[in-house]
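One chain, subunit A, links the two complexes that follow: it is found with subunit B in the first and with subunit C in the second.
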Partner chain A sequence: MKITDEVRISDNGFVFNSKTGDSFNLNPTGLELIKLIAEGKDFNAIRDIFLARYDMEELRFEKDFYEFCALIKHHQITTVENPLDFK
Partner chain B sequence: MSKIKITIAVTGLNNTDNPGPGVPVIRSLKESELFDLRIIGLVYETLEPGIYMEGLCNKIFQIPYPSSGSDLLIERIEEIHQHEKIDVLIPNFDAELFSFMKNEERLLSKGIHTFLPTMKQFQERDKDRLPEFGKKYGVKVPESLNLGSMNQISEIKEKFEYPVMVKGKFYDAYMAYNPEQVKQAFNKISSKWGLPVIIQEFVKGTEVNVIALGDGHGNTIAAVPMRKQYITDKGKAWGGITLSDDKMLEITRSLIRKTNWKGGMELELIKTVEGDYYLIEINPRIPAWVYLAVGAGQNIPEALVRLALGEELAPMHSYHSGKMFVRYSYDIIVDLEKFETIAMKGEI
Partner chain C sequence: MEKIKYEKPVINKISAGVPSKFGLPVKQKIISDIDGIKVSTLMEKYGSPLFVISERTIREVFAEAKRAFETRYPKVQFAWSYKTNYMDAVCSIYHDEGSWAEVVSGFEFEKALSNGVNGSQIIFNGPDKSETDLTMAIEHNACIHIDHFDELYLLIEISRKINKKARVAIRVNLDAGIYPIWDRFGFNYENGDAWNAINRIMLAENLELIGLHTHIGTYIMVSSAYAIAASKLANLYMAVHRKFDYWLKYIDLGGGFASKNTLKGAYMPGTETCPSFDEYAEAISNALISSEIPHENLPVLFLETGRALIDDAGFLLTTVLANKRLNSGRRSTVIDAGVNLLFTSFWYNLGVYPSKEMSGGAEESTIYGPLCMNIDVVRDAIVFPHVNTGDQLVIERVGAYNMTQSMQFITYRPNMVLIDMEGKTHIIRKKESLETFKQQELNPKR
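What follows is the complex of A and B.
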């Protein structure tokens, strides 16, 4: 999963896709997540970071992570070559 | 560098809720560092807001509608030219383009330069000929059917699935979900814009637009893609944002190259979720949102004037994506004398 070249992410959580003209507001957790994705970290690495930082169950993280990934893919913020590959 | 002293006449000062491009064209020209400008505003109606905007035009003249005859219109332009010495004329209405294109040589012989599409280019992109245009120039267009009478409405279901778009030859578009709604739209459109009424396949997606300028030799001198962010009930952009979309630029450059497009244009496209682009309309002139392109880095009216004067220009490639425009309405307080002068004398 890769952040599309045309996407700009501001430190305050404002995400702008200059290819589609869409913009989104992320909450601090969403921003943290998208920044880790932008750094090229895979699911396992991001999960380890989140589980170390927050008091949460692994299953809950996994569910929320994939939901987030599906959402940003739907809005063309990321590109995934294999739709089943979220790594 | 000394500035070029130039007089430019501009139409379309109707900055209403269905805005003409005149005012933004003038704003763009005033930002040029190349010109020492004199602006002549040409208006059809006495309440076109551009007449009353302080500092916009040096002189304003009322001109007759093209529907009262091309000759009358051109004679009036020639009469104005005798006093004002117009160097370049920029028409901004679809309905007047035909008259100015037809009289391009006549105007030039008097020293009035224009930079307009050729008659062939203008007619080829007519809405009722869009399928042929798409086929000839290799661009996807929605399927369409031209209705010459209401009897043909029954043919729609053989060719399309509802909903369909019902469009006028020049203006107006309605979405119709059944034959009854097509009938209503047909009556509204045909009474206003005549026949044919065009039935167009409804393509689901996002409407995106490109403003562009062709030099008449196949080169794209300027092109900026945009997405409307706020649309009025008349379908006009009240806010928009520039996009970074290579595919839209590729379609634009390809069309300008293949048609040798001369002048300003606006491409209206639908981008589907699959990422396909369907051309739904080509407006053969600068659109009212031109000032966004200037703000993004491409002064299209300035380039158009230079082309009209016979300069050869290198294509502009860069612009800022993510630049936005937000339109607003504003009340100008006008003294009756000003209105009286334009109404009685036809100039101010």
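What follows is the complex of A and C.
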């Protein structure tokens, strides 16, 4: 998963996608998550960081992570890989 | 190191140009208890989903309606509309408050009798009255509201056969200045059918015409329509007196007062737009009092309002089963109460609220019921907080129709619970089980 080149993320949680013209707001955890994704970290690495930092259960994070990923993919913030390329 | 409180990661698209023009509250409303009993306690004890009805609300709303009419008109009689909610426990409260019964079938008639209502205090409406039903109604001295000429002639026949007078009124349909005009029930005022029916009844030996009835529609949002209807019935009332030197006993304006639910497609919430009981009462009372009926001969005003009296008293408690992202990116939530329990969700945007404070933001969502049917949509678009599996929600204003029109389909119908004036809970209809169906079904041996 890769953040699209046209997307800019500010430190206060504002996201602008120049490809679509859409802008977004992130809450603090959303901002933290998208920054880790932008750094190229995979799910396992991000989960470990969140579990160490936040009072939460592993499964809860997994659910929220994948929902968040589906949303940023929907908003074309991340590059859409071929969904039918069943690697 | 102490861990930080976790909040679900959220991303919201910024949409310009759609502010809330009316400054409607954006703070999420929460219903954590009903009449002082915690939602979680009710669900723990009686399961989920769960219908809950508040006796306190029933009595308070009834008192409000009664005050609105009785302070404006000298003779008022409410009749509880059985079809709106005919749970015995509910009907008994209205009868205890002095309401007669308004029924629309032989089944409802029998239910009213079994609730201890005197037959002479039952108003029998509706297009479906069999010979057996009409005979029962005549025997019990009920007020039979005739719907069509075939019923009128059947009544003449039956009353001759059993040699007993039937106390009747006619249902009148009329143009009250609103759309749609309901013309399928009763006799039309404008084309003279109603007057013809009155004349025929006055000539019939065994029929005693005692009143005039109309029911102009449902969820009527303009009180002035009732003023028009009342004036037209007042004209007929006076015409009967002039021709037959006879005073009828009552004028029945039916029901149709809007509850505070919001209709689908409405721009503003029902709480802001629906007339109050005072407005309906003002319109109706003024029309009757200022008509040419002499004050000493004013008829009793009958009211059969159902929806506006009971909607606020009913709640449906439900549990979140799952959250899903649809392909469109829209969030959707699946709950364990579907449209089989919420008939009114087809025309209302029902209020669905969490039972506790939710962290994180709200997002436009769709709320689905649990049925494996595409039509099972409780709310197609609602700004809703991020609820989780197992969270308990409350759907408000479901007292009218949903309990009696709830349908057994795919799963069992749930418990229905009444919270009495002392805050005690009582099951008023038991949750169904396989046994419920086995009792009714027959499987031929092969």
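Here is the rule we go by: the second predicted complex is superposed on the first by the 80 of 87 C-alpha atoms of A that agree within 3 Å, B and C clash if a C-alpha of one lies under 4 Å from a C-alpha of the other, contacts with A are read in each partner's own complex, and residues count from 1 in each chain.
Here, a contact is a pair of C-beta atoms (placed from the backbone, for glycine too) under 8 Å apart; a residue touches a chain by one contact, two chains touch by 3 or more.
Model, not experiment: these values are computed from the prediction.
J.: Would you mind checking whether subunit B and subunit C clash or fit side by side on subunit A after the superposition?
T.: Partners fit side by side after overlay.
J.: Touching A:Thr79 in the superposition: subunit B (first), subunit C (second), both, neither?
T.: Neither partner.
J.: What angle, in steps of 10 degrees, lies at subunit A between subunit B and subunit C when each chain is taken as its C-alpha centre?
T.: Nearest-10 rounding gives 80 degrees.
J.: Under the stated touch criterion, which partner chain does A:Arg53 make contact with: subunit B (first), subunit C (second), both, or neither?
T.: Only subunit C is touched by A:Arg53; subunit B is not.
J.: Under the stated touch criterion, name the partner, subunit B or subunit C, that contacts more residues in subunit A.
T.: C
J.: For A:Asp64, decide between first (touching subunit B), second (touching subunit C), both and neither.
T.: The second partner, subunit C, only.
J.: Please indicate which partner A:Gly21 is in contact with in the superposed arrangement: first for subunit B, second for subunit C, both, or neither.
T.: Only subunit B is touched by A:Gly21; subunit C is not.
J.: Using the superposition on chain A described above, determine whether A:Glu6 touches subunit B (first), subunit C (second), both, or neither.
T.: first
J.: Nearest approach of subunit B to subunit C by C-alpha atoms in the superposition, in Å, rounded to an integer.
T.: Comparing every C-alpha of subunit B with every C-alpha of subunit C, the smallest gap is 7 Å.
J.: Could you pull out which subunit C residues touch subunit A in their complex?
T.: Spelled out, the residues of subunit C in touch with subunit A are 3-14, 323, 325, 328-329, 360-361.
J.: Hey, which residues of subunit A end up touching subunit B in the complex?
T.: Residues 6, 8, 16, 18-21.
J.: Which part of subunit A faces subunit C closely enough to touch in the complex?
T.: Interface residues on subunit A, with respect to subunit C: 15, 22-30, 32-34, 50, 53-56, 60-61, 64-65, 67-68, 70-72, 74-75, 77.
J.: Help me check something: in the complex, which residues belonging to subunit B touch subunit A?
T.: So the residues of subunit B in touch with subunit A come to 206, 208, 226-227, 229, 241-245, 321-322.
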